[in-house]
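A, B, C, D and E label the chains in the order they appear, each numbered from 1.
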Amino acid sequence: RDNIQTAGSSTVLPYATIVAEAFGENFDFPTPVVESGGSGAGRKKLCEGVGENTIDIANSSSRIKQSDIDLCASNGVNEIMEVRIGYDGIVFASDINGADFAFTPADWFKALAAEVVVDGAVVANPNKTWAEVNGDLPAQDILAFIPGTKHGTREVFDEKVILKGCEETGAFEVFAAAAGGDEDAAEEKCMALRTDGVSVDIDGDYTETLSRIDANKNAIGVFGLSFYQNNTDKLKVATMSGVVPTVDSIAAGGYPVSRPLYFYVKKAHLGVIPGLKEYIEFFVSDDMAGPDGPLAEYGLVSDPELAATQEMVASETPMAPLN
Amino acid sequence: MNDMTLTERAVSAQDIKIAAKDVQVFYGDTHAIKDVSVDILDKTVTAFIGPSGCGKSTFLRTLNRMNDTIDICRVEGDILLDGEDIYDKKVDPVQLRAKVGMVFQKPNPFPKSIYDNVAYGPKIHGLTRSKAELDEVVESSLKKAALWNEVKDRLHAPGTGLSGGQQQRLCIARAVATSPEVLLMDEPCSALDPIATAQVEELIDELRENFSVVIVTHSMQQAARVSQRTAFFHLGNLVEFGETGQIFTNPQDPRTESYITGRIG
Amino acid sequence: MNDMTLTERAVSAQDIKIAAKDVQVFYGDTHAIKDVSVDILDKTVTAFIGPSGCGKSTFLRTLNRMNDTIDICRVEGDILLDGEDIYDKKVDPVQLRAKVGMVFQKPNPFPKSIYDNVAYGPKIHGLTRSKAELDEVVESSLKKAALWNEVKDRLHAPGTGLSGGQQQRLCIARAVATSPEVLLMDEPCSALDPIATAQVEELIDELRENFSVVIVTHSMQQAARVSQRTAFFHLGNLVEFGETGQIFTNPQDPRTESYITGRIG
Amino acid sequence: MSLGLLILVVIALAGAGFVIGRQRALAQAGGDPRILHSLPGYYGQSVFLFAAVPALLLLLGWLLIQPLAIESRVSAMLTPADIPEGSSSALVMSDVRRIADGFDAMIAQGRMTEDALRAMDANTVDVRAQLAEAGIALGSDVAPNVFETAKSYRNLAHTGRLALTVAVIVTALAGFAFALSRIQPDYRARNVSERFVRTLLIGASMVAILTTVGIILSLVFETVHFFRLYPAKEFFLSLTWNPQFRGGSDLGIWPLLWGTLYVSFIALLVSVPVGIFAAIYLAEYASKKTRAVAKPLLEILAGIPTIVYGLFALITVGPMLRDYFAQPLGLGASSSSVMTAGLVMGIMLIPFVSSLSDDIINAVPQAMRDGSFGLGATHSETVKQVILPAALPGIVGAILLAASRAIGETMIVVLGAGAAAKMSLNPFEAMTTVTVKIVSQLTGDTEFASPETLVAFALGLTLFVFTLGLNVLALYIVRKYREQYE
Amino acid sequence: MSTASTNSSLYTLDARTKRRNAAEKRFRLYGMAAVAFGVLALVVLLSSVLGTGLSAFRQTFLTTEITLDEKALDKSGTRDPEVMAKVTTIGYAKVLQNALVDELTAKGLLPEGMKAKDVGGMISKEAPAQLRDRVLANPDLIGQTITMNVLANGRIDGYFKGRVTMESAALDSNVSPEQLQLAEAMRDAGMLDLKFNWGFIFGPDASELRPEAAGLGVAIIGSAYMMLIVLALALPIGVAASIYLEEFAPQNRLTDLIEVNISNLAAVPSIVFGILGLAVFINFAGLPQSSPLVGGLVLSLMTLPTIIIATRAALKAVPPSIKDAALGIGASKMQTVFHHILPLAMPGILTGTIIGLAQALGETAPLLLIGMVAFVRDYPGAPPEGFTDPAAALPVQVYNFTQRADPAFIERASGAIIVLMVFLLAMNILAIILRRRFERRW
């Protein structure tokens, strides 16, 4: 095998293909093969073992889990390099011709949670319009297209929006008190979303969400920043806690909903699979992953600590155990 | 048998049931029936005889437009049933075929039970009002076709599991059950044993009292026994047509004569 | 015809070709053939007669194991061909059927050309060495079946486009083309006109010089004309079996007598 | 000798066998094929089969067994010291294999000679680096003993390959000679070669069984793993499906099963009547030209990628159903619904029903039609009462096939019916199916060893067993019904 | 009993016949409606696909003159390709951008205040790679002025196809109305034109940044390889299995088991075949992933039940009298099957094959697990080695295109569907012609 094989997250996929394409053009190595199939499946494939018929790199939209590391170890994949390539912003957007929205996590919690606290009592969510949630929002029916539970984005949404909103509104304490102080139970309660059709899980991708917004003009969808940037003529983005999501505002840490993106390299293949080292170095180079590179142009929030990553890649440092 | 009495009766029923004039039939380019004109009288049995492949079945099929089902088949000329052109556009072949029933040369029972095979016609034509009436029709038809005794215990067994002769009688019963005005029978007895043949011939004789019957047969004896009028076909031509007695005793055409005198079957 | 001379000839050929002993046939629970024992002599024509549904076809089909193809059919007893049990495990039914050919009651030509229908047997049995030889076999078979003149101009037209009688003769030609040792014919002439019938009977007579022929027929006359030995079946039983002359002139069993004397066909 | 070449040699040998066998048979018969038991071609065929089949089977078996045999011998050479901490002898063995293959590759590339290899010593040379140059990946540095093991592995493998080549060719020749020697005019060549062919046919039908076994094996392992993490009782009895990223999910199969049945039912409700009527029209009424055009046209429906249907459901059908049916009727405001997916899937399945049924209807003998027309039945009566019953077994097969496809479909459901697992009777509500969840859980971002991902295997296996039950039932019903007609 | 129709005229229909005729007409109408419904659905689907997809076959190209500056492209001046390769496409992009700015300025087309970067943004990101390849292949070009015909950026292309408008551009962060105005001016000056885009059919896929360059070449080859394998495996095995089950198998537990198994396999979700393929062909047998070989094997297994079910139904429909006829003249069962039954069952077998192949050709889910849902830019080699090279497939390409953010991929997804259907049609025409030849009533 003379080409690099990577697999994993469909969120990382576009970035990986951009790099792979440029790599193929500028180096004498063949263009790497980039599979999609999900972060979980990618990491599983990475951990299948060492050798030609296993992949070299797993793209992942979330950090590797201990269970994956264990699986790797049991298959003889002992040294893995973790490369963080940047951040993915998660934005809320609605139809371009619709009303403007300025959200806070609390709004989302009150709009979508299965149960909310009204006057100190836990009741089934009664809110029908955004105005009922927050008087400043338009009086538009609540309809939200959020990623299905298979998506990594959903995890971020749950934690950084819903859970945060739950805490902000004080519902968390009420739930915790009701559960006898069990915080885990309270968290779970916070993140239980309504099932009456107001919150719609999307198992497909952002294009599906966009089509659904096309068909339901008063819906709000959850998108990746890059997707939004490619469709600014169709979507109107909402602010979150008063911050407009942009590459810069996310990099600066002002916009709260974002997550890091990674890829994992099987160290045993370095120096063995032709071009592998060159490829990962090229990936994290300033030309690619820097703030002015094509990845940022496409919507990747460049990692402020890219230099450290470049260093790590150059010295082939494997990742430390998860803490 | 009694040719004389039969002929006499035939003369008394002079209404023409079916009048075929200058009929031509083509299968693609093959000219299968050439310029045939025949009058089928009411309440009469007409026999078609002639060597194999001469066009008997073909002509028979034109009489109830069964040839419509063969793509390449084309009919020219006029065929009048009770004075009405059956190839007229206004004519519904379905209604025509209800009046002009048919028994085919190869037995073709439906893949259904014996009972359903016979009940099929009465059901689609709405001839019976109740199940009991239908049962009756089925029974009487099977009796007429001389099959009742053999199948009465297994009316609900499949019709395709019968012996060849039984299948043919089933097809006769099926045709009789719809009580057509004209019954076209293409070699109905060829697969039957003498006893069954006699019974079918009896049936034909019985039917003749109300209806007209056209029968294709290879058996000269059978033609002589059951028919009042006989048509002799040869290579697609109608060679001779007339009273059965006259055809068999005094044929006008040398071809008829040579066919008759080779009488064997 | 000349029953006497035929009987005489039959006596001269005494080798038993097929010996059936205590044969029972069941269709599921139906007992279709009950305890039948028959010896088919070589170079002899044996006729099976009997009312419709009595089991003639069924018994005929046991002789070349064609009933193997009917799932629910079960055969008991011994059938020996040239002294060898044809139901023995070692026997290849294919080889058996090549020796014991069959013409079916309902004509069933292949949906192929007339030529291919006839040429099929010789081809699979490798009976000819060249195309010319094959052509010859096809021609002679069609001639024997009295079909040649009608189809010689359209050998490559489909066999299914023939008239009923032509189809039947095609099937006979097809069976003859493989030159079997025994030929089983299930009502081969029922769809044929007298002339064709005479030709087929002639063929049977010709075949008899080398082979043995078993023929099912409903025509007593035909049985008398072509066969040397006749078996009379009734309700699955073999009622009487013997020299044709004797069966027709001096039947032993009252059932035979009543069947014969109702002679009509 | 490479494998491909070996196979070619065997086949060439067998081909020659065909010609020689045929000629020999003819020669024995003095050039007159009539003396032969079978057609001369069958004698050729029997030689062909005897030469080719046993040899190829031997080849296959050898290829399966040789690695095992060699491995068990070679792995004895490894000492416990060769196995690094946290590794296993199996892993080291795979390194051994890779090293051996690597040297083959290097020699093939001309980077090394056999002699150089024999002289090579892992203590002095960096084997890993050398192999890396040739593009062969190794997990770790090569210990000397491992290297020696690899060398002997390679030697054994080469000897084995040589032995294989010899054995296969000898077998082929033996089969050749044996079959040829048996040729006599009364040798039953046709029976022999037909028995051979029959065995091949049986083998072909065994592929289905093997596939099933393969599917079960590939599902069962992870399913067990799943049930270790998640209580089976919950899976089979819980009525909620609500996977969570952080664990604590409800993974009850019923909402999914219900959605599957509901969507498939509606899809069949569309495709079966439309398909059968279309088949009837094409086979019975349409002119030859219409049929020649319409049938392939309908078949295109089966070939349109399902994503197109999905988008059609999402963009066109869903909103239309919502605006004109669901909302006026007060049945909900969801644009994705069971109805949407079912309807669109029904369209996709039309050709499955129509094309297969059309062929079957067309095969009903004309005599059946004649019989019915002759009694004065209209065409539709003929179709309904004579032709359809006669064609029933085949039509049932077509419907079963369509149902199967409906159960297995993903894309249309994702885009048409949504992703919400719900149990509701309202056809205008969003639901989802087992298949969709298998795909989404399997390709999601959750870690692999979590119940949320592994549930896909349990779902797959359960669906497999479930449809198996349905099929047994269908077979039983068809059998029972068919008995009336045979 | 015998009253039904006596003496009624044939020209006038009695009430019952009228009713029956009405029922007949209705029935016929249902049939027609069913066919019409199917065809209509096809027309709607096709027209939406064609409507959005046909434009993918035409693409906007930009023609410009470029002076290849030695300073930028070969600092060493050695003309040694290895040294020159150090200059990446980023460097070439600058050269292109400057060349275009210069030309526009010379022609007086450059609007006031437009940034050079915006001008460069009108060229496809594929163009620098083309230029680089051209220069590296022929280093002597350096210093010369050459004419390049390169792809225009996807949004510019979208403007000429009506996807992008001035209004949407005002909202679009990737293109500005000024750029569109410039594009129009350039078209009038003959620098931009819409041409048939062979690259879409034969070129490899491209990343999200350059939708205009994405092509289907690799996917077409991958699909073709897989279909070859499916045809070579599924058809013979399927027909052989059907023949055994229908004509030879005794009625017993084993054959029942096989029968149920086969219909059950038809109901197995296609992704499960992917799981099987991953476990058996890749992990157990060690075949390379992302390869058409594994894809073809998996799709063969998936198609097999369809072919078997169709074939068995067709075999069953052959009238037993034909079988009797052949057996009666001493044909063996095998000969009967191969000489008579199989030809008569051929139409049904071919229908099953058509439907099975259509299904296999359009399937994505099983490919997901065996690594074929991937971004592959290198063409697989010629068979047989090519069967093990990584490749994509047409439905995968469609699936990938629909997932991408840039709206320009929508037309390409539809274009890919058109290609897929042409592919399917080409495959089917042979089968349909064959089927017509075998069709006959008896």
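The criterion applied here is as follows: contacts are C-beta pairs under 8 Å (C-beta built on N, C-alpha and C of every residue); 3 or more make two chains touch, one makes a residue touch a chain.
Nothing here was measured: the structure is a model prediction, and the numbers come from that model.
Visitor: Among the other chains, which touch chain A and chain D together?
Guide: Common neighbours, chain A/chain D: E.
Visitor: Over the chains that touch one another, what is the least number of steps taking chain A to chain C?
Guide: Step count on the best path from chain A to chain C: 2.
Visitor: Which chain lies at the heart of the structure, taking centres as C-alpha averages?
Guide: The most central chain here turns out to be D.
Visitor: Counting only C-beta pairs in contact, which pair of chains has the most of them?
Guide: D-E
Visitor: What whole-number Å value describes the gap between the mean CA coordinates of chain B and chain D?
Guide: Comparing mean C-alpha positions, chain D is 56 Å from chain B.
Visitor: Cα centroid separation between chain B and chain E, in whole Å?
Guide: That pair's centroid distance is 60 Å.
Visitor: Roughly how many whole angstrom separate the Cα centroids of chain D and chain E?
Guide: 21
Visitor: If you average the CA atoms of chain C and of chain D, how many Å lie between those two points?
Guide: Computed value for the inter-centroid distance: 49 Å.
Visitor: So which bits of chain D are touching at least two other chains?
Guide: Touching at least two other chains: 190-191, 311, 365-366, 378, 381, 442-443, 486.
Visitor: Going through chain C residue by residue, note those that touch at least 2 other chains and give them in order.
Guide: Within chain C, the residues that touch at least two other chains are 71, 94-95, 106, 124-125.
Visitor: Would you please write down the residue numbers of chain A that are in contact with two or more other chains?
Guide: In chain A, 1, 36-37, 41, 52 touch at least two other chains.
Visitor: Can you name every pair of chains that touch?
Guide: In this structure, the chains touch in these pairs: A-D, A-E, B-C, B-D, B-E, C-D, C-E, D-E.
Visitor: Looking at the complex, which residues from chain B come into contact with chain D?
Guide: 64, 66, 69, 71, 93-99, 101-104, 106, 108-113, 120-121, 124-125, 158, 160, 171, 174-175, 178, 180
Visitor: Going by the contact rule at the top, pick out the chain E residues touching chain C in the complex.
Guide: Within the complex, chain E touches chain C at residues 251, 320-333, 335, 339-340, 344, 440, 442.
Visitor: Going by the contact rule at the top, pick out the chain E residues touching chain A in the complex.
Guide: For this pair, the touching residues of chain E are 85, 88-90, 125, 129, 132, 164, 168-169, 171-174, 206-210, 282-283, 286-290, 368-369, 371-378, 390, 400, 402-407.
Visitor: Which positions of chain D touch chain B when the two form their complex?
Guide: Residues in contact with chain B: 288, 365-378, 381, 385-386, 389-390, 484-486.
Visitor: Which chain A residues qualify as touching chain D in the complex?
Guide: 1-2, 9, 11, 36-41, 43-44, 49-52, 60-62, 65, 67-68, 70-71, 73, 75-78, 148-152, 154-155, 158, 188, 191, 195, 197, 200-204, 208, 211-212, 214-216, 268-269, 271-274
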